[in-house]
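One chain, subunit A, appears in both complexes that follow, with subunit B as partner in the first and subunit C in the second.
Presenting the complex of A and B:
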C-alpha cells in the first residue's frame, strides 16, 4: 500500500492544477468549435447549410426583397394587363417583375418569396407537433415497458398502416382546408419515426449503469426520464427533426397541390405549382420558379441534415 | 475538510427506528431471477448484519451473488424478473415493505452505493459538477450556491485537484480514476449511514486504489458510517476489512473477524481462495499455486446439499445430501461446513438448514 502519509490530494501534483481560473467552462466553447470544424470539413453539409440559410433569409426578409409585395393587409394587387409576363431576360420581360407574372399579373418572385415563408411554417410546426408527441411516447414506451409499451407499439403500427393522403383527405374534408388544419394533420401523422427511434434508444440507455447510479441516489422515474435519458437522445432527435422538416415541406406542398391545404389567394409554393401546371406550355416560369425554390429549400435542409447525422454519429469519426 | 460533518442526524426513518437494531441487516435473503432458461438463484438465504462504523468485506468469485445482495439492499433489483424473499432491514425497518417514497429517501440519503464501472456510471451529457450537485439537492438538504460550494468541498475531499475549475467539465474529460472519485463523492454527498462499494476499486490502478481505500477508511473513522465493501481481491480485504464474509453459490459460507478468517480459514472454499493468492501461498511454502478445481456452479441448477461439494477436496457423502448448517464459535467466526473441526453446534435456528439469527 502507499505511503501512509500520502493523502489523496497528493495526486494534484500530477494533474494540471495550474489551470488559470478563467478557463472554467471552456468545455462548451471547445465542443462548439469541434462540431463547427467537423461541419466545415463536410462540403455537402456546408453547401446545405448555406442554401438553407439563404432560403431562411429570403423567407424571413420577403417583405424587403419582394419587388411587388402584397398590400399590408395581405392582398395581392393583380394587374391583368401585365399577366403572363415572362422573366426579364426573355423577350417581353421587364425588371419590374424579374421572374415574370402569373395569370393575374402578380410577380412570381414576390409570391415565391412569400411562399417560402409559408413553407417554413409548414415545415417546422408539424415537426414540432410530431416531435413532442413522438419523443414523449418513445421515452414512455421504452422506459416503462410492459403493457404501456405494447399499447404504444400497436398504435405506432396502426398509424404506419394508414395512408397519409387518405387520412389527410378524410380529416380536412371534415375540418376544412386551411393552413392550421394542414399543419395539424401532418403533425399528428409524422410522429412515428420519433417514437420508434427514441423507444429503441431508451431501451438501451435505461440499462446503462449511470441510470442505475441515479436511481441508487434516490432519483424518481420522471427525473430519470427527463434528466437521465432524454438529454442522451437529443442528437438523434435533432437529426430526425432536421430531415423531417424537408419531408414535411414536400408533403405540405403535395397536399396543397391536391387542394387539401392553403387556399388562394395566399402565396403558397404548392398552390402555385398546382396552378402553374395548367400553363406549363405557355408560361413555363409560373410553375418552374416556385418548384425551384421549394426544391432548393428541401435540398439544402436534406444536405445539412445528412451532414449533421454523420457528425453526430460517433462511428463517422473513426 | 472537517467542516461538513453532519450537523443534524437523518430524520427520514429515525422516528420509528429500533435503536438496538443493527444498521443494516439481511435476514435469509433470497433473490431469484425467473428467466426463460430457468430460475437463476442468485442469492440463497444470505443473513448478516452490518454495524455502524465497521467495514464488512463481501468476497467471492464472479456470480456468487455479491452484487445482487448489494443491489437488493436498495431495492434496485429489477422485479420482475427478480423475486426477492426474506428481509433487509435498515435500522430495523424492512426495505422490502417500505413505500416508494421511503425507498427513495433511503437511497442516496441513508445508503449510498458506488458501482463498479466508473466509465459508465456518470451520465455523459451532464457536467460532473452538475451530477454531484444533483445528488446534493435531490434530498432537499442543500440548495443553490451552498450546494455548489459543498460539491467543490466533496470533490476536493475525494482528491480531485482544482475541483472548482473542474466542476463544469464533462465526464469524458475525466480519467477512470477521477470518475470513480466523482462517483464516491456522489455516494457520500448526503453523508449516508451505510456505504456500499460494489467492486469500487476493481477498475482502478493500484495507486488510485490505495488512495480510494484510504479515503473510505478515513471517512468511516470520521463519520462512523458502516461500509459493505464488495471485492474479490484479498489484498484489499486485508487492507480495510474489519469483518469478512465469503460468498459461494449465493450463500455466505464463512465469515468472521478479518484476522481470525485469514489465520484460520475453516471452509475448504476459503482455504482454496487464500491458497490461490500468489503472495500468501509462497509464504506458506507452496511450490505451486493451488487453484480451486472445477467451475462455479450453474446458478439455474445448484448442486444438492452443500453447493461447494462438487469442487470440494474434502467432500463427504453427507455433503451431497444436505447443506451444512451455520456453525458458530466463540469469536463469532461462522462457517457452513461439516468439517468445522472444533466448532460447537450453532443455535437452534441454524438446524433449519440455512440462515441464523444473532
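Presenting the complex of A and C:
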C-alpha cells in the first residue's frame, strides 16, 4: 500500500498549554454515562452483550470447561475406538463426549471451545491492524486533501475492487498458510471502511471553530490531528471496529475453511467445518456444532455493535 | 458537469484502479520468487535456467519487467499454467470457468433481491409489528451466520434427504439453487435491513403525505413513491458488495464442489500455479469494475436528481 509521506514533520512538538480545548469533548463523562444507560435500555444490545460475554468466558476458560482437553503440550490425544460417537442424546452417545467425537475420537465440544480462543485472536488482531492503518489514512486523507487525498482514494478504490478472498489466496499462496499470515492478510485488507468514514468526518471537523482556534494558537498539523480531530472520531471508530470484529471472525474462518489458515491438528472452528464437510451425511454433529459456536459469537458481537451504533452514531455508517 | 464528462471521469478512475490491481498482482508474483524454479525440475542445469530467465525477461531491471508484465496483461497473456493443466494458457482456463461463476453470482443476487426487498418493505410498512420483528431478526441472523456453515446445513438438512437437490457439482439449474441461496444469504439480510431503514425514512417524508392526501392508493404510494426512492441506496450497496460476492463464491463453490472460477483458484493455489491465480484475480477485478460501471449507468436512469459534482 503506497503510504504518502507519513505525518508532516513534528519539529514543533512542544504542546502549547493554553490551546483551546476540544470543545465537543467537554462533558465526556456525562456523555459516556448517557451512552451506558441507553445501552442498558436497548434489549437487543444487552442480549448481544450477554452472548458475547458468555462466549468470551467459554473461550478464555476453555481449559477449565473442556471435558476432554488436549495435553498440556497442545496435543489432542484421540481415541480411534471412540471415533464418530454421536452427541449424548442420540443412541450410542455418552456424557463423556457431550457433543460427540470426530474422525479421530476427539471431543467436538472441547475442540470447539478451544476453537473459540483462536476465533478471538482471528477476530481482534486483524481489526487492530486494519484500524491503525485505516484511521491514519483517513485522518491524513481528509486533513491534507489535495494529491494525498487523491492517491489514498484511488488506493481505496483499488482495494475495493479486488475480492478479499482472492487477494488472500494470492498472498497466502506465496507466504504460506499459517495463523500469522492469515491475521496479517486480513488486517491489511480490512482498513477501507475506517478510511472512508474517518476521512469524511475529518473533512467536516477540520472546519470547526475550535480547530481554527487551535491553528491560530500555533498548533502543528500533527498536534491538531492527534488532539483536535482524532478524539472526535473515536465513537465512530469504536462502532466500526466492533462490527468489524464479527466480520473478520467469519472471514478468517472462511479462509481457514479453504485451507488458507491454521493447519491441523490445532482446534480451529473453520478447520473443523472443513473436515466435517466430508462427513456430513454420516456425522452431522461434526459440521454442525463448530459452526453454531462461531455463529453465536458473531451474532452476539453484531447485536452489541448494532446497539452501540444506534447510541453513538445516529447516522448510518457504511 | 454533464453526464458524459461524469462517465469519462469514472472510466478514468476505473483505469487507474486496474493499473493499481496490476501493480498489486505484479508485486505478489515477484514475492513468490523466481518463476523459473517453479517451471523447471531441480536437476536443470544453470545454463538452461539462465536462458529461460532471459526468455522471460527476468534479467531486465524491475520497471522493465513491470512494463513487460503490463504488455502481457493488456494482450490478456497471463502465461501458461504449470499446475492445474500444464501447458494450457491460464487465460483460457479462467475464461472457461467464468460463465459458471457468473451464473452462480447472478442467482445469488436474484435471491437476495427477490427475498430481501419484500422482507424489508414489509417490515418498514408494519413497523413494530410481529412481522417486522421476525423479518429483522431473520436479517440479523443472516448477517451473522457464516455462509459456509449455511452451506453445510443445507447439505445436511436439504440436499441429503431430498434427492431433487444435488449435493455437489454443476451444470443444471438444480445445481444452482442451494449454492445460490448460500451465497445470497449475507446480501439478502443486508438488503432487507437497508430497505427497511430507507423505506422508513422515506415514508416520513412530506411528499408521501401529499401523495396520500391526493387519494392515491396505499399500495401505489408504497411501490411507486416510497420504494423508488428507497431503492437507490440499496442498489449502491449492492454495487459495493459485488467484490464480496465474487470472493464468497470461492467458498460456496468449494462447499458444493461447483465447477467455477473459485474452485479453479483453490486448485491453482494448492499447486502454486501462479499464472492461473494472477489471471483469476485480474479477471475478477475487471468483472467487479464492469458491474460497478453498469450500476453507474443504471443510476442515470433511476435518479434524475443525482448530481455528478466532485465526489470522493
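By our rule, the second predicted complex is superposed on the first by the 280 of 318 C-alpha atoms of A that agree within 3 Å, B and C clash if a C-alpha of one lies under 4 Å from a C-alpha of the other, contacts with A are read in each partner's own complex, and residues count from 1 in each chain.
Here is the rule we go by: contacts are C-beta pairs under 8 Å (C-beta built on N, C-alpha and C of every residue); 3 or more make two chains touch, one makes a residue touch a chain.
As the structure is a computational prediction, the values presented were derived from the model and not from experiment.
Q: Between subunit B (first) and subunit C (second), which does A:158 come into contact with in this model arrangement: first, second, both, or neither?
A: Touch partner of A:158: subunit C, not subunit B.
Q: Of the partners subunit B and subunit C, which touch A:259 in the superposed model: first, second, both, neither?
A: second
Q: Looking at the overlay, does A:65 come into contact with subunit B only (first), subunit C only (second), both, or neither?
A: Touch status of A:65: no partner.
Q: With both complexes superposed on chain A, which partner does A:218 reach: first (subunit B), second (subunit C), both or neither?
A: first
Q: On subunit A, which partner's contacts cover more residues, subunit B's or subunit C's?
A: When the residues of subunit A touched by each partner are counted, C comes out ahead.
Q: In the superposed arrangement, does A:88 touch subunit B (first), subunit C (second), both or neither?
A: neither
Q: Who does A:144 touch here: subunit B (first), subunit C (second), both, or neither?
A: A:144: touches no partner chain.
Q: Looking at the overlay, what does A:210 touch: subunit B (first), subunit C (second), both, or neither?
A: A:210 sits against subunit B, while subunit C stays out of touch.
Q: With both complexes overlaid on chain A, does A:279 touch subunit B (first), subunit C (second), both or neither?
A: A:279 sits against neither subunit B nor subunit C.
Q: Contact-wise, after the overlay, does A:166 reach subunit B, subunit C, both or neither (first, second, both, neither)?
A: Only subunit C is touched by A:166; subunit B is not.
Q: Write out the stretch or stretches of subunit C touching subunit A in their complex.
A: 13, 16-17, 20-21, 24-25, 28, 31-32, 140-141, 143-149, 152-153, 155-156, 160, 197, 240, 243-248, 250-251, 254-255, 262, 265-266, 268-270, 272, 274, 277-278, 280-281, 284-285, 288-289, 292, 312
Q: Note which residues of subunit A are touching subunit C in the complex, please.
A: Subunit A reaches subunit C through residues 153-155, 157-158, 160-167, 169-175, 246, 250, 253-254, 257-260, 273, 276-277, 280-281, 284, 287-288, 291-292, 294-295, 298-299, 302-303, 306, 316.
Q: Can you check the complex and tell me which residues of subunit A touch subunit B?
A: 1-2, 6-9, 11-12, 15-17, 19, 21, 23-25, 27, 208-220, 223, 227-228, 231-232, 234
Q: Touching subunit A in the complex: which residues of subunit B?
A: 74, 76, 104-109, 112-113, 115, 117, 120-127, 134-135, 138-139, 156, 158-159, 161-162, 164-165, 167-170, 173, 181, 183, 186-187, 189, 207-208, 210-215, 239
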